[in-house]
């Protein structure tokens, strides 16, 4: 009989029930959309922040200190990293978090007009087949996303026709009067080559006075086969905390369990540590400018999304509560009648609650999928990629729907039970 | 010319003849009761007289106007100007005070006038309850507010649908007394009821059965007061 | 008594005496309005607030001399061209080759406070230099020369333009080791004044780094203003920082916008369903009003008036709560006050009135179409 009554309500009052289901679906979709976006926003923003370039640099342990921008000695002697070890970076514990990396080797070369230029060799879009079966196109095409190509195109290693191609900085190109498609003769320390200029870039920095060529070309010019100066790594990292900072100074100061935690968390310092483990005689260090800022921005973004999510969840909860209360109150006469014909309070509340819950489950499931759909729309529109479904969204949404439905219906039911049946039936409004 | 004339009206819902060839004439100032068991068609008739429904066939002349042919919009206007309604369930707006409920009818009719509304409440003996909300009034008091609301716009006809259905005897008498007072002032009263005592007070009682006019009883010794002789308590036999 | 005053009396009576029901509706509208005004405020303020966070990436504008070095006066003129409230920090740098224990090293003279403000990502083990006579040593230099904080280091400089063979030396106390993960680790930093003392040459600079809170377009404008104000200087954007900031900020703003749109749409539907329920509940009353002679038009006017008044009240309440929310977000996330767009208040109120009005008009219309006799008889 109980079931029959419930079926009766659901079938006969389907319009009202549909309205409740609809509201619950709205609330649930809001909850699941916002939770999905909130839980995934960290990863998504992290990907976006990769436009700032590498957040970890790897250099040889005994690299010469004074060899940089201001061109102190032009001394490139010292030890190098080994090119054949590059692939190992994608085999570390946090390999999955390494989104991009590129090796660098630089040398000085003489130009036909007698001036000296810094020539850097690197990967542009180096194609890698990983042992895991994945493929990765790594290199400066993606790691120097802020470079503006003013003439020609990016150098494409995979379809390169000329044996020795290169890209040239805008300032240097202007000085030499060189355009894309021209050939430039450079005289390196060990060999001389004719470089086919594929593109001119404007980097807004010192690179504008330099030439970038594929790794092999530069190695040939400088006689540094198989050797590289440094590696820039772009990794998805977790913002540093106190543990990470302590570990960065000295991993051996940690207890075994702290070490485990640190090693198995994607802190910049633990990824550095793991890179050092696979690259011989190397020192990997986080680029503070990128790594620290990333942490700050990620934290703020996540906090922002959490607060927005909380607001919308409160909004959704109150909205559902409201409507459930209103719709239970509407049934005062029916409940009065049931009491008049002898139904116990428990039976009446049981019936109403069961109905509301069946409706809520229906609406909640519908809303959950709708909300996940909304999340996908947001993901694709903003980040151009899907929002991954975090399993914890399901229980949170479910608990929320249940709590809100209970909170909405119980006070209304209690109020209705307090009414005397005669009052309700006798049309007193 | 009669105030209200029903000429051979039919109201047909599918196979059901709710009203089947009913004719009726009510003169100005008359007090008429319409009686009948449930399903006899009295509600349908009341709705038609009250301009809330139209007959399937036949003519309804109110003040010489055939309301069966009027549009729903015009019917609202006619109802507002000529008819005062009293309901079994009172139907007061629960968030307006007694006087405001009366003023509501004035508002839709012409101009709200609080003084006049208070006078109307005074006439039904509720001057001191004017500021009360319906929930603070007893059933009888609510019905008296309803009467005040019905008469505020000086309607041609006061149409009461089971006005005493929800009232105890004491309040029933108060309401019937009010009707008597209105009758003496020349108001036309049509009271739909299934309570013989209330019906028999009227000058004329029409009895409906199965949608047809079953019989018409003229009250020979009309006083306008409830006759309580039938209600003498029966002494239980020892 | 006028009709209009009775109209007002009825509407206020409906709102005041049906308090609990109306509160429910008001609450729902206020939630909608809160979300509207709160999220829109946050949306508008995100670029500014987040822009401030992005300043942790360091300088985004660089001033260099049009031909080689430029003077401190040029720098002052250039800085004056940038609005003071947008300027987060400015750090002048002058680089000279000096020697430590006869090894060549690049020494950078700078304004320490400016460098700290411009490069928030610089980590110093020990202390920042707070006065002249102090030295900040790059981590790699410190490792190569095994330097520690607290030690005194002698910098020697060979004057280029003088005949004197004598080196000039200066003793400085190391207050901190600089860790940046970048090329800065290969320099030593001292105050501009000390460097001028060491070289005997004052008033020239190599470069000045600026951290300006502005988007790329605005920055370009500032760069133009600087170049105009001081002909000795050319200012250009640090592409890596500005281009990336534009990319990331626009994504972030798009994210907040979309989230706002989705949340708003859902909340407004919620408000609409609540209003529909509130009106549907009163079908009987509408029937009664019709029975006692109310025209459809006057019923619609009354109920719409009531709904819209409710919408307006909810809008005002929500606009206020939304501001509180936005302010909380701003304080908690960015630790700064929100900049409130006052236009949002009237817009919120207007949207609330429109949404409640629209969501009530349909159920009111359908209620007026119902036969009053049926409504009054039913149940």
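Note that the chains are named A, B and C in the order they appear, and that numbering of residues resets to 1 at the start of each chain.
Here, a residue touches a chain if its C-beta (ideal position, glycine included) is under 8 Å from a C-beta of that chain, and two chains touch if they have at least 3 such contacts.
As the structure is a computational prediction, the values presented were derived from the model and not from experiment.
Participant: My parser should flag the chain pair with the most contacts; which pair should that be?
Facilitator: A-C
Participant: Give the label of the chain whose average Cα location is farthest from that of chain A.
Facilitator: B
Participant: Could you state the distance in Å from the CA-based centre of chain A to that of chain B?
Facilitator: 75
Participant: Quick one: chain A and chain C, Cα centre-to-centre, how many Å?
Facilitator: Each chain's C-alpha centroid was found; their separation is 21 Å.
Participant: So, what's the distance in Å between the C-alpha centres of chain C and chain B?
Facilitator: 70
Participant: Two-or-more-chain contact residues of chain A, please, as numbers and ranges.
Facilitator: 427, 429
Participant: Going through chain C residue by residue, note those that touch at least 2 other chains and give them in order.
Facilitator: In chain C, the residues touching two or more other chains are 284.
Participant: Which residues of chain B are in contact with two or more other chains?
Facilitator: 89, 94
Participant: Where on chain C is chain B touching in the complex?
Facilitator: 1-3, 5-7, 9-10, 13-14, 16-18, 284-285, 288-296, 298, 371-373, 376-377
Participant: Given the complex with chain C, which residues does chain A contribute to the contact?
Facilitator: For this pair, the touching residues of chain A are 19, 22-23, 26-27, 29-30, 33-34, 37, 41, 45, 48-49, 51-53, 56-57, 65-66, 68-70, 72-73, 145-148, 202-205, 285-293, 296-297, 300-301, 303-305, 307-308, 311-312, 314-316, 318-320, 322-323, 325-327, 330, 333, 374, 377-378, 381-383, 427, 429.
Participant: Please output the residues of chain B touching chain C within their complex, sorted ascending.
Facilitator: On the chain B side, the touching residues are 43, 47, 50, 52-53, 73, 76-77, 79-81, 85, 87, 89, 91, 93-97, 100, 103-105, 107-109, 111-114, 133, 149, 153.
Participant: List the residues on chain C that touch chain A in their complex, please.
Facilitator: Going by the criterion above, the answer is residues 21, 24-25, 27-28, 31-32, 34-35, 38-39, 42, 46, 50, 53-54, 56-58, 95, 97, 103-106, 119-123, 140-141, 144, 179-183, 186, 236-244, 247-248, 251-252, 254-256, 258-259, 262-263, 266-267, 269-271, 273-274, 276-278, 281, 284, 325, 328-329, 332-334, 379.
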